[in-house]
Amino acid sequence: MKKIITLGEVMLRLSPPGHQRFVQSQVLEVEFGGSEANVGAALAFWGHHAIHITSFPDHEIGWAAKSALRSNGIDTSFVQFSEGRMGIYFLENGAMQRSSQVIYDRADSSFSRFDGKNLDWDTILEGSDWIHWSGITPALSQESADLTLKALQKANEKGLKVSGDLNYRSNLWKYGKAPYEIMPKLMELTHVMIAGIRDFNQCLNQRMEDFEAVKDFAFSRFKQLEFISKTERISHSSSHNTISGALYSKDKSYYSKSYELTHIVDRVGTGDAFGAGLIDGLLERHDPQEAIEFAVAAGAIKHSVPGDILNCSKTEIEELIAGLSGKIKR
Amino acid sequence: MKKIITLGEVMLRLSPPGHQRFVQSQVLEVEFGGSEANVGAALAFWGHHAIHITSFPDHEIGWAAKSALRSNGIDTSFVQFSEGRMGIYFLENGAMQRSSQVIYDRADSSFSRFDGKNLDWDTILEGSDWIHWSGITPALSQESADLTLKALQKANEKGLKVSGDLNYRSNLWKYGKAPYEIMPKLMELTHVMIAGIRDFNQCLNQRMEDFEAVKDFAFSRFKQLEFISKTERISHSSSHNTISGALYSKDKSYYSKSYELTHIVDRVGTGDAFGAGLIDGLLERHDPQEAIEFAVAAGAIKHSVPGDILNCSKTEIEELIAGLSGKIKR
Amino acid sequence: MKKIITLGEVMLRLSPPGHQRFVQSQVLEVEFGGSEANVGAALAFWGHHAIHITSFPDHEIGWAAKSALRSNGIDTSFVQFSEGRMGIYFLENGAMQRSSQVIYDRADSSFSRFDGKNLDWDTILEGSDWIHWSGITPALSQESADLTLKALQKANEKGLKVSGDLNYRSNLWKYGKAPYEIMPKLMELTHVMIAGIRDFNQCLNQRMEDFEAVKDFAFSRFKQLEFISKTERISHSSSHNTISGALYSKDKSYYSKSYELTHIVDRVGTGDAFGAGLIDGLLERHDPQEAIEFAVAAGAIKHSVPGDILNCSKTEIEELIAGLSGKIKR
Amino acid sequence: MKKIITLGEVMLRLSPPGHQRFVQSQVLEVEFGGSEANVGAALAFWGHHAIHITSFPDHEIGWAAKSALRSNGIDTSFVQFSEGRMGIYFLENGAMQRSSQVIYDRADSSFSRFDGKNLDWDTILEGSDWIHWSGITPALSQESADLTLKALQKANEKGLKVSGDLNYRSNLWKYGKAPYEIMPKLMELTHVMIAGIRDFNQCLNQRMEDFEAVKDFAFSRFKQLEFISKTERISHSSSHNTISGALYSKDKSYYSKSYELTHIVDRVGTGDAFGAGLIDGLLERHDPQEAIEFAVAAGAIKHSVPGDILNCSKTEIEELIAGLSGKIKR
Amino acid sequence: MKKIITLGEVMLRLSPPGHQRFVQSQVLEVEFGGSEANVGAALAFWGHHAIHITSFPDHEIGWAAKSALRSNGIDTSFVQFSEGRMGIYFLENGAMQRSSQVIYDRADSSFSRFDGKNLDWDTILEGSDWIHWSGITPALSQESADLTLKALQKANEKGLKVSGDLNYRSNLWKYGKAPYEIMPKLMELTHVMIAGIRDFNQCLNQRMEDFEAVKDFAFSRFKQLEFISKTERISHSSSHNTISGALYSKDKSYYSKSYELTHIVDRVGTGDAFGAGLIDGLLERHDPQEAIEFAVAAGAIKHSVPGDILNCSKTEIEELIAGLSGKIKR
Amino acid sequence: MKKIITLGEVMLRLSPPGHQRFVQSQVLEVEFGGSEANVGAALAFWGHHAIHITSFPDHEIGWAAKSALRSNGIDTSFVQFSEGRMGIYFLENGAMQRSSQVIYDRADSSFSRFDGKNLDWDTILEGSDWIHWSGITPALSQESADLTLKALQKANEKGLKVSGDLNYRSNLWKYGKAPYEIMPKLMELTHVMIAGIRDFNQCLNQRMEDFEAVKDFAFSRFKQLEFISKTERISHSSSHNTISGALYSKDKSYYSKSYELTHIVDRVGTGDAFGAGLIDGLLERHDPQEAIEFAVAAGAIKHSVPGDILNCSKTEIEELIAGLSGKIKR
């Protein structure tokens, strides 16, 4: 069991049941999720001590959000309540050739307005092994960018490993800064980056086209960087994807097996499940090959579970890697 | 059948099923409602041509809101799509001695940012008999206050009757204006006011304590004013209320019978049902006494129906007035 | 345990959940019920051998209806499948001062077209103690009236007791006959009648106004008649009724205690529960006073159970008579 | 935006949730649909002014049906209420190798008894561009056949384009007429026919076996005919179909691409979605090839949506044609 | 129609809706099932007189279990109520590469403590054609093993055919006996065995590796044995299996066609559906080839139906064998 | 904020939705609750650090139970997983004059077999203010009785206050000991007892009939005892109760106001809510009168909330005491 910190916004997710469209639905299913907390929840499910840092509005919906984190095993001792709304995202689950749709309603959320001044990072980081952030947070607001920087600086001081999922989203970055003005500072403080070509290009204001070049550029620019990882996904339809992943150290590349995913239940949070698998893999497994296999299988099996959160055991994931799946377990 | 215009915000209402609290709920029930549109929906159900003027964000949730208005029989020909979010309110239905709770999340909504510049009031009001507004709209933003004023001016020019539900809400009026800076101009253009002492005091910056005095003050100040109406409600608990109502012309007072309401199903929208009943009563019945009886009975029977909207027939309401109720109709 | 035959139509009941109105509902709850089968189901729940005679269309909905009878413990050995539709009734559950509404869609049903030619009444009635019919059946069609007559004649030959719930319904009797042309023949073959003044007047083409007179008239006209019974119900609202009952032999009257019924869950089938209680009471209890008390309590407790069927044990009913109720039983 | 009239019955659709069979289900999901109204609903969703002509019983179920049409954006100004029942169809959704089942309960419906005498066709058709009918309507009753004929005659007088989905159904045509006695007159008034070999053979009392021959026969017989269109469907199972389509003018054939449809959500209404796509395609696109591509893609994507109605945007359909699908849209 | 006895435990099955995991679920779906009763239910659905012998606790859950058997058409005349709990199994439906999970909570159930002393086997077996048992029953307790033996001895005396599904389960056999101490006596009394290599090895304390050898061994050891049957299943994932089956008489082997099963709805009870199909096939069809085809198709189509029970008609199964499937049946 | 320990079994609660009976229900609603944990959950909701000590089976249902405790804010750091089943109780919610029913299925649970040998009480109790136990635990098994004794001895050593809810249940105490053999030792270690006459009589093997006498007896026998408290409940029906409470110190009596509770939502856990209110009242309020008022109001408002747990804020409870209730809070 390791102690792992995650930092980021948690939103209220509202989705029509089954394959209904928004316009058809008389009820919306409630989940609470966010990229970084999703990572923490999977790690907590596997027995790690996962602490999530975030802030909610101080009313019943905010309390319900905290309760949801707790039910997922996350340590919420440092969760704050502060001014602002509850971030919301509306998710319509696609099916067949119809795409899933996300409508974000997250502007002016408590988290995006949260400056973290009252957080005691020394206490939070005490005895911790790892901190995980994503590129979504610095894209929300100057406060969020500053908060991320502060956390990473403190974590580096304390000797934690830092992972970051660059996760560039074009519909964010509305507060007057471009990614390349903010991200490089954060990347310098990071040991493990999850990112594809587009993420690197956006964050570093580049236009590279070949991942080999991107990878070399990154390793040369960021001295502290130990690993880059990414997933490959082919979306045949909302119900059928193919996924695999790769992990790169400065001088070696590790490729996972590929999974054919049909009958997809819930596509959301699969990247976060991959991230959690990668962190656990790098922390608990000696071999990077095993780490990337575990990460990809974690991401793959998440597609079978409704909601943002991966709640599959390591045994289930390892059985998937071993090719055992689909029999009734009695 | 008369042609009646209503103007105001329509919000997404999200509530836990049955008597669950927010923190317990895995689904939220979806309704769309707003004080003025609720009035229009009841009038449409009774066969009037009800036109609602509002604006929604141009995405699937906004489309669903428009679809909901249509399903309630409202003419949405003039509904706009414009910048801003979907206003939301979270409603937890109380029970017994536990109060219902509303969490508003309506800031920065499409409607509150809607200036109505593209509305052709001449076309909208053509052939119309009545326009209904409420004090919620001018409390949202300067744009909304200006929009209301414009509508009432045009309606007065065209000779429509104007009803307004003053409906003072302390948690609105956040845009820098006090009610007494905005409301008097609107009240001058209004023929029928639904309001209690507190509403008048807030809107006119008075501290009157006796309704007789308030009433006389209002009739003397607003030359155009024909009727004032209000409801009396005793909240024994969330499940048990007593209601009655009164209607005042300059020189005469009309009091309705009182209803003992136990086993309350949904308290929301009962004031709007009263408003609709009053408009229908004044339009369709010669006797003010009949009008106030109809209005109060409409408000009373709304407590038995889930959702914001009154969807009870005139026959059902008239049977309630006649004291016939509760038998199975085959 | 006695062997009791019931005869009558069973319909598909479709109702919106909770207190929704038809226009609001995206799902309809499914029950199968009919006055006489409801009587049989309660008797079966109490351990009697209850046989129901009816007919359904031979498709999946008809099969589901038969399955529902079976799940309620009814012996369906003699249930037929024949030409015609499934009779349907749409039920909207009232609340507070809003009445429940029933929309019948039963014309041209299998049962109403069923002539019973293929029924072997000797086998059906072999070893039976009682047969129960209602005035709904002869009101459906000439075939149904003939079928009822045939059943009662056979039952009288075999020495069974016969109970009939006159249950006059003005929206039936559409096939060209008036009640008084059909009902007297059936009443002559009946030992226990459940009926109020209006039922007797309609069935006998009288205009009597006093129940004493009605009762005497009936006892004098129908030589075989042993008991008349009726319930008194005051409908304060859909959620609050007061009920009591009375049982009359030729020379003695028995009155039950009265029950104050608030928080009503489902009003439908309460008369049938009363009928079942009366049959059980007369079969199993020596004292008519006990019989009417049991019948009224059975009808009363039915109001607490959703659906058409009374599924409360004799113990529960006897505790209600004894004034014990409302504690948690562990 | 064009103005398009559709004419036909709208039924209450009742189906068990998910993959339950009728016999298992305690609730039935409610939709309202009918072939022609489904076409109108899709056209309304795309921004056209769609007017549906039909009739319902004047009770709460009929009102709910009208409300459902309205919520789908259809103009119900000319919807009538008249004698007769609500037509119903029970739908059990198949899965895997188990077929979907439909049980019709539509005899004696308001629409089938509706003679349309009170319809003012001049007003209805004023300014309209297109009218769509299907072979289901004339198969219901003589009144319905006459109503269709009247509508098509008026439409031809007014210069509207007429499309008809021949849609031969062997379980209809119970009122004493054969299709070939009724259909040819209607086909003569039609410009665009959706039909396969069997439809033509049944409607024209032929036994042709080759579609080329059928097509030539039709173009030679019906002078006004501009286009014939049909879909090809291979049903591997309830969950997996392959579809494509073709459009024929007198002298040219256009074939769409083919879609492999796995993980089917709801098969019902896919032909109607195709029909709507074809009408929009012929109205809005210059190239018949584009029209048939749009129609087939509209039909294909309908399989992903529960209910009778296609509520996918043109953008979604065009992305499907372009081969983009299945990614989460944020 | 034949008369068929089944003997075995019926459990309360509790499962999260859809693809939820236990930890996510606020409701559990209720079914009642057990291997042998599932066989009986399918046979009853096909019109046989199926009698199930079991015992339940005498409280409302036990009553509900009996009611569920009845609703499935099973004759429950001999069902007992006796000391002990209701056996429960929690089922989580897998999806994609995630396996289904069963958590048994059946220790100390009424059935496992039921000694059957009060059963009158002569009456039960009177006029019966067949009795079916499974290896689950003797694995529960000494009482259950003795009860099975008694039933089979009586059945052999009366000349019934006996089928047994050996169904070895390693998580049972906790009462101090090994399978090979109990099973051979029961197998000697059996004419049709459903079993694979592992079942035979466990029951006979062998380590054979080749099914041919197993089969010959069984036919030579059990003189009364007429048929051995087994299914072959390849579990590609929880959502995709391939199945086929084989039937062996002493000197001939019959192999069914193979079914590709994608989009699996519910895997549970598919073996029991196969068993029911085999019994019906051997009873009603002259040709063993037809029997095994029917059995495998019955097992295949069960995958499309939620719950433990096969409720598909013979027509549906025969259409599957004939390769017709997936079209909407109107 | 105080630190409070609770000790006891947590069961899976399964109940039919709404007012359904067990025999009607196709789903069961899931809660996890137990008397002592319910107390802890309310205290956690009010901001205390509540630690619950219990044990669950180590499978997904046990994990879900732990997750439920966490979601209620309880510190589960010391929750164990050990041999045995998950305790279950089936709850049918009564309505009107029909009683609620509980069917326990808790024999052989993990908790009842849990000896607590691996618990480090020094760590658990470190810095704690209060420990709460109930008479249910020592009634389960010798292990549970020993565990309770050990906890109370350690708590007394550490100087914690001890509260105990005697809660005598006749359907427990099955392991060979009578209450008076076990309870006195535990009562000696307790400072605050919640108990009525029957509890004292059973636990002390007395037959006292007057509460004054009981109270004096208890204060004289248990030197450490500071307070006795009890509730008075009149059950008019399942939907209508009247409750009040009393608190006694050695020489003074405090009586709460009385609450009329109609429209009851969920009666379960109301005694535990009272217990939590009492603990908070004694810890946080100087005046015993305030403590008993808070306790009774906490118990009263619990009736309005579904589930075992009180999740109402102190503000809500204090408003109830102040007589403010039932208005919509916006």
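We call the chains A, B, C, D, E and F, going by the order they appear; numbering starts again at 1 in every chain.
The criterion applied here is as follows: contacts are C-beta pairs under 8 Å (C-beta built on N, C-alpha and C of every residue); 3 or more make two chains touch, one makes a residue touch a chain.
Owing to the predicted nature of the structure, the values given are computational and were not obtained by experimental measurement.
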Chain whose Cα centroid lies at the greatest distance from that of chain E
B
If every chain is reduced to the average of its C-alpha atoms, which one ends up farthest from chain A?
C
So chain C and chain D: same face meeting same face, with over half the numbers shared, or different?
same
Once you find the CA centre of chain A and the CA centre of chain D, what distance in Å lies between them?
45
Between chain B and chain E, what is the separation of their C-alpha centroids in Å?
62
Hey, what residues on chain B touch two or more of the other chains?
18, 21, 23, 26, 67, 101, 262-263
Listed in rising order, chain D residues that touch chain A in their complex are 18, 259, 261-265, 300-301, 303-307, 311-312, 316, 319-320, 325-330
Taking the touch rule as given, give the residues of chain C at its contact with chain B in the complex, in rising order.
18-21, 23-24, 94-102, 104, 169, 171, 235-241, 262-263, 267-268
For a test of understanding, state which residues of chain E touch chain C in their complex under the given definition.
67-68, 70-73
Can you check the complex and tell me which residues of chain A touch chain B?
14, 17, 21-23, 25-30, 59-61, 63-64, 67, 85-86, 88, 90, 92, 101, 103, 105, 107-108
